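Before anything else, here is the set of structures, which you'll find just below.
Look for chain A in each of the two complexes below; its partner is chain B in the first and chain C in the second.
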Partner chain A sequence: MAEGQVIDGIYFNEVIEDAGLDEGTKKLTPEKIERVINDVLKGETGARLKTYVDTCIHCGLCSNACHYYLSRDKDPTYSPAGKVKQTMWEMIKKKGRVSPTFMKRASQIASTQCCVCMRCAMYCPFGIDIAYIMSVVRRICHLLGITPLYIQDTAHSHAVTMNQMWVKNDEWPDTLQWQEDEAREEIPTTRIPLEKEGADIMYSVIGPEPKFLAQLLYQAAIIFEVAGLSWTMPATPGWDNSDMAMYTMDSEIMGRVKRVHFETARRLRVKKIVMGECGHAFRSVYDRGNRWLGWKMHPFYIEHAIEFYYNLLKSGKIKIAKKYEEPVTLHDPCNVMRGRGLYEMARYVVSEMCADFRDMQPNREHNYCCCAGGGVINCGPPYKMTRMLGNRVKAEQIAATGAKVVIAPCHNCHSGLEDIVSHYKLGTHVKFISDILYEVMEKPGAV
Partner chain B sequence: MIDINSWDWDTGEKLVADTGGWKDKFEWVEEFQAGPDGEKVAAIVKSGEGEFSVCVNGEPWENTFDKIWHLRFGPDGRLTCIVQTEMEWTVAVDGQTWENTFGYVMEVKFSEDGKNICAFIQQDGQYGAATNGEPWENLYSDMTVFAITPDGQHTAGAVRPEPLGEGEIFKFQDGCYTVAVDGKAWDKKFVNVWHMTFSPDGKKLAVEARSNLYDYTIVVDGVSWSESFPCVWEPIFNPKTGAIVAPVRTAGEWTLAQDGKIMWDRFFVQCWHQMFSPDASKLAAIVAPKYGRWTVAVDGRPWGTTFGDMVTDAVFSPDGTRIAAVGKEDYDWSVIVNDTVWPDTYDVVWRPVFSPDSQNIAIKVEKDGLQTILMNGRPWKRECEAVWDPVFSPDGSKMLVRSIENGKYHRRILPITEITG
Partner chain C sequence: MHGLYNFVRGPLAWVAFILFFGGILYRLISMLLGARKKDGVVFDYFSLYYGLRSIFHWIIPFANRNSRQRPIFTIVTFAFHICLLAVPILLLAHIILWDESFNISWWNLPDSIADIMAIIVVACCGYFLWRRLTQPEVKFVTFASDYVILAIVAAPFITGFLAYHQWFGYKFMLILHMLSGEVMLAAIPFTRLGHMFYSPFTRAYMGSEFGSVRHAKDW
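Let's look at the complex of A and B:
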């Protein structure tokens, strides 16, 4: 990654090779750019974007909210308002008459230098949602065919398989049955009930769990077994609650993926959906995909894993055998903390499980983003240093706690923080809540 | 279709099995399944160390397997499940396995008469379908959707004939997917192929497809509609004319199109699950007439009653004069018939069942963990651990109710007046 170059008269704060952007940009024409921008502005944005653009007084108070800006020594090109200036304001001002190179930079900024974490909206005196504006930029880039390659490939996976990781129809139930076998070595009565119509709960997870993190399915099976719950997992597409098409702004695929998820819950006649520890998936089911389909909320009660564990511990269905001793801190994932307000539940769960909990500063809805969310980590290896250099403040936050373990109840946060911990040599481990809960809970029936 | 005239419609009550006692015979008993005529109840059971079987009316199959899942009765009453022995998977039918085995079996579908059993299979990393154990001659490097004709004589899937490498986004966008019918792929490829529907006679196949990242259309036997849309949902056939109807999105709103042409004069926030009345004179769909509200629209005209969570499982009466559907508001489920909501709400409501004369509607419901049958809004007097969908007798005067109460599985034939009064 090279920094600070002017290309075709456009300043790039980072110069990165990405075939999705490079090849896509070659196919652009000024006419196509102008048409697509104006189609989106007129047909898809309406009063919301106009209000935001007309209301902003360019005060820059959003800047200090952004982890990229703070971590990049207050380089104004990384400030939220600066990102809007380099993208949407120019598109509007020039009525869509911007160059292919401008659009390439716009895509890079919107997709990799903004995690759509919405922290800046809290610091804007008018509450302008810059994440929304960046999402509109991503939408325009999607329609122009200039989306970073790795996340575009992931959106293709969603379109074909309805899951994030190209997991094939046989691989999913086969993996569940394998993890069920493994779990029976520990508690012989453990089941992962497939396609159990009328169960109370449909448990849904994201594609990386069967692909790389099958132990999380094992742990979930043990937790459900010990808690004695009526639950099921679908054997069909619809099991994956994640949705990177939400972040490429291929809204039609986002809606299709979410529809399959809800239709699967409907088919199984469950009473609620419990989701694993993922933030963006929660946003896609709870906020974005459901609303694109026409729901104000969602057709089934959606319970994120944090709330699920909270209820299990509060009700005594899961009991703690011995608290986790090492000092831990908690990363507040944007989508379930700022987005859903689960921070007190998360703190209850962590305090119940762990003897030495040390909060980060700032925390709760003010916590800094992991710099992996919003699809940024899904843009792949070309942007790893974008994430590392763009989130020094998170490393400093973690280091200041002195904790040995960072609990991150979100997949993207988890992966992103592992990179941060490694890059800044923090000497900490990153764990999911379920990693620790599984370790410290009582397990009646275990052999 | 199954001829239910041959079923026993005279015996009022039959205790078929002491299902509660099964757990004393086996290490564990999984979910119960009841046969369509009510004469059998079955469950997957753990019969020994690492050994599973199927128990039917208290008697286990002679065969045991390493793994069993997806236990289901077919329409003709044969009991099927997906089984694994020595790392090979196949389908067992009434305890007898298909001769062929596979790397995996993902799904089983039945013809309407139950005679043909079709499976979505993987063998040596290649994907396709098998009918009564016989796989397609050609399998594919990927298959994502599986469909069969009503008579089960033909099977189809959304297939990818060639490998697609990680990150090959431009190859993907050129179109890598198509449809294979009985293993033979269409010539034309698409970016995506999704839901597929055979015509009632099984001679035509209509599918949802995306021809590039932005244009969606319906493809019939390999030929796309001349119109494309920003999004479409699954197509259906008009049972009388053979015309194809699908929900389409245009300018941010949804409506129905027939053979590519917009057919309703009204647009909705959402529109899906369209269905023709049996005589095809009416066309209904589940719609959102305004943001966040759901109902049924008949020939483009929405009902006045709406629900916030969802409307689902809309069903036309046999005479086409009535539609029953399930509505959900604030997580409470209820039943709506011709725009009138039945009084009580439930934790879950299943699909409505009309009597042959269209006069009565019976539905399985659940509240506080107990299940029963509702008829015309009135609950059956018994609350059960489990009930299955009710079945009306051919003359509509009686109803087959399959239930488990106090650990006992009963088959009952009730005069419908027992519930309606």
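Let's look at the complex of A and C:
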């Protein structure tokens, strides 16, 4: 990654090779750009975008919300309003008559230099939603075929397989059976009930769990077993709740993926969907997919793992045998904190499990984003340094707690923080809540 | 000069007020109709309670984290907005005009206080100008039009102050003052000064999303 260059009259604060953007840009013509921008501005957006753009007083007060801006020594090209200036303001001002290189830069900004974390909406006095504006830019880029390569591949996987990781239909139940077998060696009565119609809970996870993190399925099975819950997982597509199409703004695919997920829960006649520790998946199920499908709220209760564990601990269905000793801190994932207000529940869970909990500053809904979210980590290796240099503040936040373990109840945050922790040599481990819960809980029936 | 004075005070003032009220009405109605057409979500998730909750946290100084992080800016911007609204409405000379024209009047600020408040407005404009010129994150998002807007806001207060103190020819200053005031009124609905009437809506919408869907605070 090279820094700071002007290419075809457009300033790139980072110069990165990405086949999706490089090749896609070659195919653009000014006519196509103009048509697509105006189609989106006139056909898909309306008063909300216009009001945001007209109301913004160009005051820059949103700047210190953004981890990119703060971590990049207050370089204004990373400030929230600065990103709008380099993208949407210009598109509107020029009525869509912008160059292919401009669009390439716009895609870089919207897809890799904004995590659509919505922290800036809490710092703009008018509540202008810059994440929404960046999503509109992503939508335009999607329709123009200039989305970063890796995340586009993930969106293709969703379109073809209805899961994020090209997991084949037989691999999924195989993996569950394998994890069930393993879990039965610990607690012989453990089951992972597949396709159990009328169960109370459908448990859904993201594609990477069966692909690389199968132990999380094992841990979940043990937790469900000990808590004595009526639950099931689907054997069909619909088991994956993740959604990168949401972040590429391929809304049509997002809608299809979410519909399959909801319809699967419907078919199994469950009362609620419990989702594993993932933030973006929660956003897609709780806040976005439903809207695309035309529902204000859902026909079933949507419960994130944090709330699920909270209820299990509160009701005593899960008991703690011995608290975790090492000092821990908690990373508040945007999509379930700013997105669902689960911060007090998360703190209850962590304090129940751990003897030495140290909060980061700032925290709760004001916590800094992990810089992996919003699909940025899914844009792949070309952007690793974008994330590392773009989130020094997170490293400082973690280091200041002196904790040995960062608990990150979100997959994107978890992977992003592992990179941060190793890049800044913090010597900290990153864990899911379930990693610790599984370790410290009472397990009656274990052999 | 007298003919010009009468024109500025009479017909031009009418035009300015019609543009101001008519413009605001027009912008608000087209915003709401436009939102009905393409952004139904704004109405679906709107909540009066959470909308007001958010507005309160943003119209009270230091009630939100960003304003606590920038104490100087917060003091300046609140002083600016309070004086900006209070002086034109509560100035005795303005009230007398209302009384002469429409036979209505209300409580007025003592002139000496109004005078200081006008200076505060101008000084705050100076601060905003300084920010735009020197602070990289503000400079980067500043357009030429932002300076024009700042000048439009400062002008009625500068000319009003000069007219009150009868410097540089009273009548001439008075005409300039009325003219600049009319320009400002007419500009509000059609420039970014429109944040005056848009912001309660954007804030309330964000407050509603945060309160009723996200169950989180937005301040």
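Following the convention adopted for this analysis, the second predicted complex is superposed on the first by the 447 of 447 C-alpha atoms of A that agree within 3 Å, B and C clash if a C-alpha of one lies under 4 Å from a C-alpha of the other, contacts with A are read in each partner's own complex, and residues count from 1 in each chain.
The rule is short, and it goes like this: a residue touches a chain if its C-beta (ideal position, glycine included) is under 8 Å from a C-beta of that chain, and two chains touch if they have at least 3 such contacts.
What you are looking at is a predicted structure, and each value in this text was computed from that prediction instead of being measured.
Asks: Label the relationship between chain B and chain C on chain A in the superposed model as either fit or clash.
Replies: fit
Asks: Once the shared chain is lined up, is A:G416 touching chain B (first), chain C (second), both, or neither of them?
Replies: Neither partner.
Asks: For the superposed arrangement, I'd like the angle with vertex at the C-alpha centre of chain A and ends at chain B and chain C, nearest 10 degrees.
Replies: The three centres form an angle at chain A of 120 degrees.
Asks: If we overlay the two complexes on their shared chain A, which of chain B and chain C does A:P210 touch? Say first, second, both or neither.
Replies: Touch status of A:P210: no partner.
Asks: Is A:M337 touching anything from chain B or chain C once the two structures are fitted on A? First, second, both or neither.
Replies: So A:M337 only meets chain C here.
Asks: Should A:K296 be classified as contacting the first partner (chain B), the second (chain C), both, or neither?
Replies: Touch partners of A:K296: chain B and chain C.
Asks: Which value, in Å, gives the least CA distance between chain B and chain C in the superposed three-chain arrangement?
Replies: Between chain B and chain C, the minimum C-alpha distance equals 8 Å.
Asks: Hey, what residues of chain A end up touching chain B and chain C alike?
Replies: 44, 296
Asks: Along chain A, where are the residues that touch chain B in the complex?
Replies: Counting only chain A, the residues touching chain B are 19-20, 23, 43-44, 142-143, 145, 149-150, 152-153, 156, 159-161, 166, 168-170, 173-174, 177, 189, 191, 193-198, 235-237, 250, 252, 255-256, 259, 262, 266, 269, 271-272, 293-301.
Asks: Over in the complex, which chain A residues touch chain C? Could you list them?
Replies: Contacts found on chain A: 44-48, 50-52, 54-61, 63-65, 69, 74-77, 79, 81-82, 84-85, 121-123, 125-129, 287, 291, 296, 337-341, 343, 362, 365-366.
Asks: What residues on chain C touch chain A, complex-wise?
Replies: Interface residues on chain C, with respect to chain A: 30-35, 37-39, 41-42, 44-45, 54, 58, 64-66, 69-70, 73, 131, 135-143, 146, 192, 194-195, 198-199, 201-203, 205-207, 210, 213-219.
Asks: Chain A touches which residues of chain B in the complex?
Replies: Listed in rising order, the residues are 28, 30-31, 67, 69-70, 103-104, 106-107, 120, 122, 127, 142-144, 160, 166-170, 172-173, 177, 191-192, 194, 210, 213-214, 216, 230-231, 249, 251-252, 269-270, 272, 288, 291-292, 294, 308-310, 312, 328, 331, 347-348, 350, 366.
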